[in-house]
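In what comes next, chain A is part of two complexes: it sits with chain B in the first one and with chain C in the second one.
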Partner chain A sequence: MTTGFGAAGMLTPLVIGDVLGALDSVGVPIPQLLQMADNIAFIALAAIGLTIIFGMMGVINLAHGEFIMMGAYITTLSVNVASIPLPVAMLLGALGTAVFGAIVERTIVRRLYGRLLDSMIVTFGLGLILTQGTRIIFGNSLQSIGTPFGNVPGYTYSGYRVLLLFAAIAVLGAVYLVFTRTEFGVQARATIQDPETARAMGVDTDRMYTITFAIGSGLAGLTGALYAPSATIVPGMGQSFLVESFVTVVTGGSSVLLGTALAGGILGTINAIFSNLYGNFIGQIALLITAIIVIRLLPDGLTGLAATIREKIGERQ
Partner chain B sequence: MSLEIANLNAGYDGTPILRDVAFSVDDGEIVGIVGRNGVGKTTLLKSIMGLLEPETGRIQYNGEELTGRSPDEHAKRSIGYVPQGRDVFPDLTVKENLLVGESVGDGDETRYEQVYDYFPILEERADQDAGTMSGGQQQMLAIARALVGDPELLLVDEPSEGVQPSIVQSITEDLKQINDEFGTTILFVEQNLSVIQGLAERCYAIDHGTIVDEITGDAVSERDQLEEYLVV
Partner chain C sequence: MSENRISRRSVLATGAAGVGAALAGCSGGGGGGSEGDTIKIGVLEDQSGNFSLVGTPKWRASKLAIEEINDNGGIMGQQIELFDPDPQSDNQRYQQLTERLIQQEEVDALWAGYSSATREAIRPIIDREDQLYFYTTQYEGGVADKNVYCMGPTARQQLGSVVPYMIENFGTDIYTIAADYNFGQLSADWVKVIAQENGASVNNEEFIPLSNQSFGSTISNIQEADPDFVMAILVGNNHSSFWNQRTSAGLEIPMGTSTVMAQGYQHKRLDAPALKDVYGGFNYMEEIPTDRNEDYVSRYYDRWPDAGYANEESINNYFSIYMYKKAVEEAGTTDQEAVKEVLNGGMEITGDRSPEGDISLQGPVHHMTHNMRVMKCDAEHNITVEDQRRIPEQFLSETVGIDLSGPDSELEEQFTPTEYYDAAGE
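Moving on, here comes the complex of A and B:
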């Protein structure tokens, strides 16, 4: 099948193959490196949408996995049914989920700000409805798209999965720019810190909440869209992202870029090492134990640690 | 008539705080609301700003009814607000705080230059997180944040609270100068005698949620007259 990514999509795995060949020649264990890159990408992408909705807005969205599933379904159906090129289908997956997220915020979540338990129950219910609704409408599974690009030349590892690490870095960078370099981003952060004062400064806080929730949802959809070519498309697929995403957000803390990137890097590496040595089950256990230790020692997560270090440096200066 | 309040009743969770408050502020005036702690000064400013829904009464600004409108709609009608305790956004830098205040502005960059002229320390610390600044610097930032939105009416809630006396004096002079230079109408609430006397052209005294006196002319500078409403 054509990937829809053009010549760049064909050349990139070849370039990666060359880079890996060079690393291999100096003794870097390539299979472990690829596994680590894959794990870091998976954890960062799984968490990024939730970091915005949970980390910034304080809403525990237990339907986060189903938002990822929605992005994957829209992407897969766009390719399989409407023959839309994969990159465009991925964009539709992200946008469709963002629009759905905006509707959910306006109709449901808006009534639940400051009511943590209520929001958990309601979004858990929403997740069940989405899973079962998808099962009723589309059946137990969809025909998968097929992973583009094939293997990295010289290795039995998917070139597309390696590229997801670069996608994760790009997504984190884009989110950072949106929330720190745009007027919307600054107003959104102000709203989340002190909604009453933000309103008194002329910020339409209702609009800010809707857009922020939609961005978080859209990023969840984008994660689903990016994994659609390499995952089994079933209604319960979102569950496989849920544990990693919550563990990453709690470990990373509230900072979208710093927290998610640090937590993604640390947890992804630990998960890769233990999975490689003792299998996936032990890898997951290692992930959870790491999260417990971090939360015990750093209640505000890695973001809190970074803030403390920054303050100490500031005091010295 | 710039701002007109009539029969205003407001409170929290059914507990009345303001009772039949009525007064007015003309364009370009500096008017103080003076009174002790807990008499309803902040509640009054919050009601005017739309942060607290009045139970009954009328708030009109330039002939337009404001009652029932949201705070952001107030801000879009050129009403600036400096909250009690500053309430700067602590995790945003000084520059980002100003950008939020500029939400209702016209994008005129010269407003930043003007507020930096008044408060040069803010330009020096433009990239510093607001939460790490001193109380006085945060107060300057809160005023600057309201000013970059180019307000015609500025509501200021206890500018002296938690600020050292030398800075209080400076802030008082700055507010006076802002009124002179831009014609900004200022309504402030305060219980610090030196701020009231240094700033107000006239005052309303508030007690138990009701306006009990209007102090005008030379009486504003008479210590005894004001202390009657400030000392417990």
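Moving on, here comes the complex of A and C:
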């Protein structure tokens, strides 16, 4: 995941400037395009860990924002205290949060499957403990790490924020491969669809739950790690991801990859267009109104719509 | 189940009776406070929750002042007893604790709250109990309340120092970005008023929700408008992300502010050069290069080695506790009405008690004439003083014409600039 991002990083100065120059010369509004890349990346990355934990496992993890915060803290501390290079630090952030997620699943979440409201309260409490615990141990804020790569050549826009789009695509792609093309992925989905039959077929369902939860947590941690160089590192930082992540999951529907990609694309584009024209406030309102319309018209989210279309095409054939 | 309900109701009834009794007891005393062996001071500052970054320095400086006073014999020979429960950045908790400190602990004076929302949440309680109350945050201004003494500079004082400086040095085309709530909107109004007074104009304005932390569109819109300078009245942790994003986007336009650096010390927390060419109008930053201040800063860090910063508001807690001491000594009593009487006559705060330099209390409006400085942050995040002037509170004292020591002695209001300036409402 991070290697994909590293490769994209090397491409920046060489290719992206040329590509944008060519686009600009044919009349494409570049600032809006950059804004769109930024917003789509933010929405998709904010949601990805939650889609797995909520979309697949049915646990509403209200500590999702705090998992993101944990990834950012591990990354920042690794860079500041241990002088570890940023890409490695980001990997540590994701891994550390995944390990923490596995522990949480084994000790707490395991007892709450099928108890939706209970799991909400417990994870909410966990979030409070994580925020205040972080504040007690590390204080009210950490020294931030600077944003790498500078601006997009020729434009007043942070190159790093735009590159996160490639990171988001890489993450979604990796999730797709893991859950469809590996034996673990098949077993995990079987476990979640029908645990009894899966057990009868010899799948260790306990282990599947733990690993799936750990992957979801790890992806939340990765999101925090990726945003660490561009955000203020404070214990409450996870909160600012929460609205986007839940809205995306609900708008997207049950399919992890398709839902997140579609919802991220649509919500990100609308948010970008409106915030560019009328400011951030209107951009946020446009995003929420879009979400309301989608949920009203498509109770199963965008994934539901995609499934219907697929069926219709199948009938015609 | 039903038994549960009954017992809960009876608990409530008992509680209500208790509060009632406490109220009755207090109304007899007229909020007079205690007449014990100690002087009781309440300090409600956030040590946890959203405001703890800026609230903890206020609590630390208050404790430092109180310990210094106690070590030097107290106030009129009486030791100060401090009541400082943590309100946890929660306005409901603030209301409960304010009630408790006034009614149960019977504090003689109260310091409380970071945000204006907190102040407005507890002000009705303060006024109901006629409690002597010091509010020490820099704020939007305009509070004229017989019980409230506003120790921080107002938006007009802060912006009145930095906006004219920016106009003089960079030009007359201003772009304002401000936090989208009461304080941000009123501050943006003041930028317009002060711009007009100095022959400049605000040609673009964007209000940014407090939850916002992605500034891509804001930055490209600023670049497109290409103003002479930006006034950035950004508030809170989410908005701090603006500075990193601005730098990595390569936006080089100079920026003025009244809300960044001095309160949340972003220049210490963010990697240089995030705050390059940011100019702030403040009464205090710990970098002020005077002997008096350097002495204070070393005392502060001796007492609190783990402290991150001595912020603008912390100094307001520090000097105002000494000011309270002086007022009690002049009044010869802790009786709150007598102390207010002394304060309403005005007071000079000099020497070690005021690390920002000599300042004075404008008694009739309950605000301070501050030493306002324009502080510049360079590419290495070094802070320099670019300009310094004593600026009085002007809105209540001159524009509205308030005298809390005389004809307006029963006032409990907050005035806003829109009622008095055409430019503010536009």
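Operating definition for what follows: the second predicted complex is superposed on the first by the 304 of 317 C-alpha atoms of A that agree within 3 Å, B and C clash if a C-alpha of one lies under 4 Å from a C-alpha of the other, contacts with A are read in each partner's own complex, and residues count from 1 in each chain.
Criterion: a residue touches a chain if its C-beta (ideal position, glycine included) is under 8 Å from a C-beta of that chain, and two chains touch if they have at least 3 such contacts.
All values reported here derive from a predicted model rather than from experimental measurement.
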### Task
In the superposition on chain A, see if there is space for chain B and chain C together, and answer fit or clash.
fit
### Message
Quick check for you: in the superposed arrangement, does A:D194 touch first (chain B), second (chain C), both or neither?
### Response
first
### Message
Looking at A:T156 after the superposition, I want to know if it touches chain B, chain C, both of them or none. Which is it: first, second, both, neither?
### Response
second
### Task
Pick one for A:R106: touches chain B only (first), chain C only (second), both, or neither.
neither
#### Entry: Angular separation of chain B and chain C about chain A, which is computed from CA centres of the superposed model and rounded to the nearest 10 °
140
### Summary
Of chain B and chain C, the partner touching more residues of chain A is C
### Task
Using the superposition on chain A described above, determine whether A:E183 touches chain B (first), chain C (second), both, or neither.
first
### Query
Does chain B (first) or chain C (second) touch A:V203, or do both, or does neither?
first
### Message
On the combined arrangement from the superposition, state the nearest Cα-Cα distance between chain B and chain C in Å.
### Response
26
### Task
Pick out the shared contact residues on chain A: the ones touching chain B in one complex and chain C in the other.
none
### Message
Can you tell me which positions in chain A touch chain C when the two form their complex?
### Response
31, 34-35, 38-39, 42, 132, 135, 139-151, 155-161, 229-234, 236-237, 239-240, 243, 272, 275-276, 279-281, 283-284
### Query
Can you name the residues of chain A that touch chain B in the complex?
183, 186-187, 189-190, 193-194, 196-205, 311, 314
### Task
Could you pull out which chain C residues touch chain A in their complex?
48, 50, 52-53, 56, 180, 206-209, 211-224, 237-238, 240-241, 244-245, 247-251, 268-272, 274, 306, 308
### Query
For chain B, which residues count as touching chain A in their complex?
49, 51, 70-72, 74-76, 81, 83, 87, 89-92, 96-97, 99-101, 103-104, 132, 145-146, 149
